[in-house]
C-alpha cells in the first residue's frame, strides 16, 4: 500500500526566498520547502516489540517494493486503525525507527572460543556445524531415557533454553518443537521475571 | 602657505575608524529594518552580514580606542569651548561674530568626539551582548536591543553632520584628512587660535 | 485558510515524553546523550535540537504531593515576538494556517528572535548558526497530517484542530474541571501576545508560573520600542540629518574663509 | 488480563497497585484517563513511590514495599464488615457458600496442615466437605461457620485499619479513604478494575497477592464485568504468547508437563483431567484429552497412533517434585549440571537476580548460544571483568572462562511476520517490512537450521533418544525456513479427515483425527483465513470489545468470565454495561464464557473451574488457601500479625555460596527496583532516542533520608546489599517518603533498572543487589523489597 500524498501541492511557490532577498516581498508566506519524508513510502502494518499493550505501528519504508530497491525504514508511527493505540505511541514506540536502523545491530555471526578475550566473526555455515555438534555432544552425555526408578522419562536436563517473550507465537511454537524434540525440560521465559 | 594638520598616523587611524564605522553602520542598518535588508544583499547576504557585523564593530571599537587615546587630551573642553558651544547657534548660520576663537578643534568638534566615543562604547557593550544571544542573560539583551539602535542612531546622526561639515560646509577641510595639511587661510578662518599657535611656533623655530 | 492550533490539557499529561521523542524522530534531530540533571526532566530547557520539552515541577502543599508535568514548546503566538524582532524578510513566516515557522534559507542567525520571544523558545545552533524551534510540523500540517507530538500523545492530552474549535473545547474542559472541584482551572491563551495557537488548559490557571509558564507574557517593551518608536526616531534622524544638512547648505552655503581673514 | 486495555475505559473505579502504568504502559493508560475524563472514574494509586500514575490519581496512598496483601486484606475486612459487597454476586458466582473441611484453620502464621520438618503443607484440610456423589456441600445462606464466606470473614477480621496502617506504614485515614473508593464499586451498577504489574509479581508471595486482588474483585462483583477484572499489565510484547506456548512446566495451552509417575497417556489424562465439584459445573478442562491428543498429533504426525498413546512417551517427564524453573536453572548451572544454554532474545545476566551468581553460573557452561538484535550483557558475560570491573573485580578473566559463545544476529520485529499476544490476550498479526540487516537471519530460520542439523547428525550417527528427536514432525514446505503462516495454521489446528482448518477448540477430538498446536489459539486461523490480521472497526456492544479486530484467545472472547456479568436469570447487573444478553434461547454480545445456548441457571458461571464458580478459597497454591500477609524475605521489621512466622514459610530461597541474605542491622533500608517511562527494560540503552531522555542511572532517595545522610541532589552514592552494590548520583525527592512502621521510620530507596555494561549508555546492573529468593508458585524473584544500605561516596 502506498500513500497518495502528493508533494506538488505544498511545494508550490517555493521560489519566494529569492525574491525576498531583495526586500520586495517583506511578509512572504514562504512555502515550506521541506519535503514530507513519507510522501512516497511503502507502508507495512506491524506491532510494537516493547511492552504488551500491543500498539500497532505503520512502518514506512523506502521505495515501492520494486525489484531494484532495497527497502530501508524511514519512519515508524502509530497505526490509527488500532483500537488499542489509535495512532498513538509512547516514547519507546515513537523511536522504533532507530531500533531497526541502529548501527549497534548485530549483522554477522560472532564466535568466542573458550578462553578467548575477543569475538571473531564466523560464517553461518561454520557456526551451525559447530552448534549442532555441541548440542549433540551435550545431549548424548545428558539424555536420560529412564530415571533412577526405571521409569521412562526421555528427558534432557543438562541443556536449557530461554527466551521467547520477544518472538512471535509461531516462532515460539517452533522453539517448543525444538525443545521437546531434544527432550528439554529447562525452558523459561521473561514471564518468570 | 600649507599648515600641517594631521600626520600620517592620525589620518590612517581616522580612515580605519571611518571605514569600519561605515561597514558597521551599513551592515547594522541591514539588520535594523527589513526595508534596509537589501543592503545585506549588497554586502554579501544576510548570513555574511550577521557574521561580520560584530567583527566590523569590534575593529571599529579597537581603532576608535587608538584614536581616542591619541586625541582625548586635545579634546578637553576649556572655558572658551564652552562659550563657543553656548553660542554655537551662530556658527550654524555662519554668523560667527563674537564667538570665541577655536583652537585646533572647535567646541563642536570636541563634543562630537566625546559623543561619538560614548556612543561607540555603548555600541560595543550592547553589541557584545547581542553577539551571543544564546549565552548572554536575557535581561541584558532586552536592554541591549534598545541601547544598540539608539546609540547607532545617535552616532550615525553625528557622523552625518561630521561628513557634511567636512565635505560641504567647511571647504578645504577634507585635505586635512587626506593630504594632512590645510591652507593658512583655512586655518586662520576656522581655527585662528591654533593658526596663531602654529605660526608663532614656526616663527620661533625659524628664529 | 483557518488558523490551526494545538490544545494541551495539562490535567491529562502523564509525563510519558512520547511527544518529546516523536518530535525528535520526525524532525530527524541529532540526539544528545547528557549527564544526570538531578530530575526526571529530560533537559533544563529547550535546545536547538530539542524543540519539545516536558517540564516537571514537584510541590508539597499540606503534606499532599503534586507533580505537575507540562509540555513546553513554541506557542505560535498570534502576535509573535520573534517575527517582530526578526530583521530578515522571510526568515520567520506566518503560514496561511497561522503557524509561525522558520525558513532557514533566510535565517541569518542574528538571534533577535530569541530576545523577542516572551516564552524563551528559539535556540541558536552552534553548528549551523541558525535559530530553531517547533515548526508545528509544518510539513505534516501542509498535507493534512497532525503534528508528530499530537499524533503520538497517548492520553488525549494533546489535540489538534482549528483554533476556534479548540478554544471552545478548552473552555468546556476548564468548566468540566471546575465542576470536578478544581475551582481555578482555566485556559491559558495569553492576550499579551494576541493569544497563542498553542492553548493550555491548566488545573490552576491562577498560577501559571507553577507550570513554568509566564503569567502575562507580552512582547518585551524594549523590543516593541526598538521595533516601533525607535525605528521612527532613527528614520527621522537619518532622513532629517541628510535633508537638514542639504537644506542647510542651500540656505547658508559653505563657510567663507575671507570673512575671518579680514579680521586679521 | 481478564478483560483488556480498551475495556478499562468502562471502569468507575481503578485501583492501580503493584504497577505504574502511566510510566510503563502509557498507551494502555490512555483508557484510564478516558475513564477518568468520560466516566469520572476514581483512580486509587497505592505505591511506595509517588509515581507519574500517582500524579494523576484521585487518591494516593504510600505503602511499604511488600505489604500489599495486608492492604488488600484490610479492604476485604472493610468490605465484609461494612456490608460493602455485591451479596447476590458473591452468593451466585463464587464458592463463598462451599463448606470446608471441619479441621481447616489458621493459627499464628500457619494454616492447618503445616509440616515443620518438611517445610510444606499437607493440604487435606484445605478441601471442601463432599457429599456422597463427590460434590461439594454448600450453604447458600453463607452462614455456616465452615462456609468459605464465614472462614474468610474470620481470617480477615484481623486486618483492621489500624493493623493495616501499622504494617503498611500508611495512615489509617488514608487506608480508609482508599478502601471507601474501592468499595464504591460494590453496587450492581458499578464496576471497578485492578491494574497490576511486576510490583505484585516480584514478591516471594506474588501469586497470593494476585489471589487477594481477585477476592476483592469477587466481593465487588467485578469479575466478568466490563470495567472490571484483575488485569496484569504484561511487560514484553509477547510474554503472554510465550507463556501460552509453554514454559518448563507447561505444554502449549497450559497443559501440564507430564511427571514421571504418569507413564502412559491414560495416566496423564487421569491425573490432569479435573472432575466437576458441583452438579452444574461445566468443567471445561474435562476436555483435556481432546486438547492433549490433538497437540501430540500435531507434534508427532503419522508417528502418533492410538496404539502408542499418540507419541506421549516422547514428551519428556519431570520427577514428581522436580522443578526446572528459572531459579533452579541457574542454581544447577552454577553447580555444573548444565552444559549448554540456548537464549533466544533474553538477557539473564541483566534480568536474573544476583548478577554475580548469574555470571558465575554462565562461566560453568560449556557452550552458550545467544540469538539477538544487539549485543547483551549475557553474550558478553565472559568479558564482564573488563567491561565493569568496578562491580565484578572477582569475576574471572576471559582466559579462565572456557565457555564457547555463539552470538547470532537475529531479526527484529519489523523484519519478521507472525503474531504477538498483548496483555488483553489479543493475537495481532504483523507483516515483515524488510529483510534483516547484513547477514542477520530470521529467527525461524535459525531454529530450523539448528534443529535440522542436529537431526541430520542423529540420522547419520545415531545417538541417545534419537527417536524422540526424529519423530518430531517438521514437514514444512520450506523446512529450513518455515513460513510462519504455515506454522500459524498448524497451531490453529485442522481436521485430518476433511483437511479443513478447525473453526475453534470445540471441534477438537481425542481420537487422533484432529491436530492442534495450541488449543487456546484454535480459531485464530480458520477456513475464513487469518483472523489475527483482521482490522474490523465495528464495536456493536459499544464497550470497546472490537470483535472483528485481530483475534482474542480463547474463542475470540474479549472479557473472561463474562457470564458473571449477569444474575441467575441472565439479567445483566448493569444494563448500560452488558457484554452478554440472554434472549431467544441464546447469548449474544461478546463470545459467552458459557455454553452458547444454555439457560442462565443451567450451568455454573465459571466454566473452566471444577467448582463452576469463582474461588475465594483455593487449595491450588503452595502457601495457603487464603492469602496471608507475610513480610518479604529480607525485611526491616517483623510480621506484625505473627512474628514467629514473619516471611512466607514456603518462599523458595536458594543457598549457593553467593546467595547471601542481609539483616536490617547491616542493611537498614528497603530497596525496590522499577522501570522508568523513558526506557524499556535493558533494550533502550541501545537507543539514542531513549537514552537522551534519561542517560544516567540514579538512585531515588527520600528527602528525609537524604537529610539524615547529608546527601544532596546529584551527590554520588553507593547502594549495597549482602550480594553486591551499585553506584550513581542521588535524586533526592519528597515524592518518596519515610514511613512509620511499628514505631520506627522505614526508608525506601528507589532503583531504576535500565543500565548495564553494553549499549550507548552504561551504568550498574541493578540485579547486582537482588537475591535468589522466589515465589514458590510462579518462581518469580523478589525484586521489590530487599534490604540495602546507602552511603555517600
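Per-chain numbering from 1; labels A, B, C and D assigned in written order.
Rule of thumb we're sticking to: a residue touches a chain if its C-beta (ideal position, glycine included) is under 8 Å from a C-beta of that chain, and two chains touch if they have at least 3 such contacts.
Just so it is clear, the model here is predicted, and its values are computed rather than measured.
The chain closest to the protein's centre is A, with centres computed as averages of CA atoms. Just to note, of B-C and A-C, the chains joined by more C-beta pairs in contact are B-C.
Note: centroid distance chain A to chain C, computed from Cα atoms, is 39 Å. Remark: chain A and chain D have CA centroids separated by 25 Å (rounded to whole angstrom). One simple way to say how far apart two chains are is to compare their mean CA positions; for chain B and chain D this gives 83 Å.
Chain contacts: chain D has residues 26-27, 30, 677-678, 688-690, 693, 760 touching two or more partner chains. Touching two or more other chains at once are residues 16-18, 20-21, 24-25, 89, 106, 154 of chain C. In chain A, 21, 23, 26, 85, 88-95, 98 are the positions where the chain touches two or more neighbouring chains simultaneously. Interface of chain A with chain C (complex): residues 5-7, 9-10, 16-17, 20-21, 23, 25-30, 32-37, 39, 75, 77-78, 85, 87-95, 97-98.
Listed in rising order, the residues of chain C touching chain D in the complex are 11-12, 14-18, 20-21, 24-25, 31-36, 38-40, 42, 50, 58, 60, 65-69, 154-157, 180. Residues 42, 44-56, 59, 61, 70-73, 76, 81-85, 88-96, 98-100, 102, 104-117, 119, 122, 124, 127-136, 138-143, 145, 147, 149, 151-178, 180-193 of chain A are the ones that touch chain D when the two sit in their complex. If you check the complex, the residues on chain C that touch chain B are 85, 87-89, 91, 106-112, 114-115, 120, 123-124, 126, 129, 220, 222-223, 225-226, 230-231, 233-234, 237-238, 241-242, 245, 248-249, 252-261, 264. Residues of chain D that touch chain C in their complex: 22-23, 26-27, 29-30, 33-34, 37, 40, 50, 52-56, 60, 676-678, 688-696, 698, 713-714, 728-729, 731-735, 760-761.
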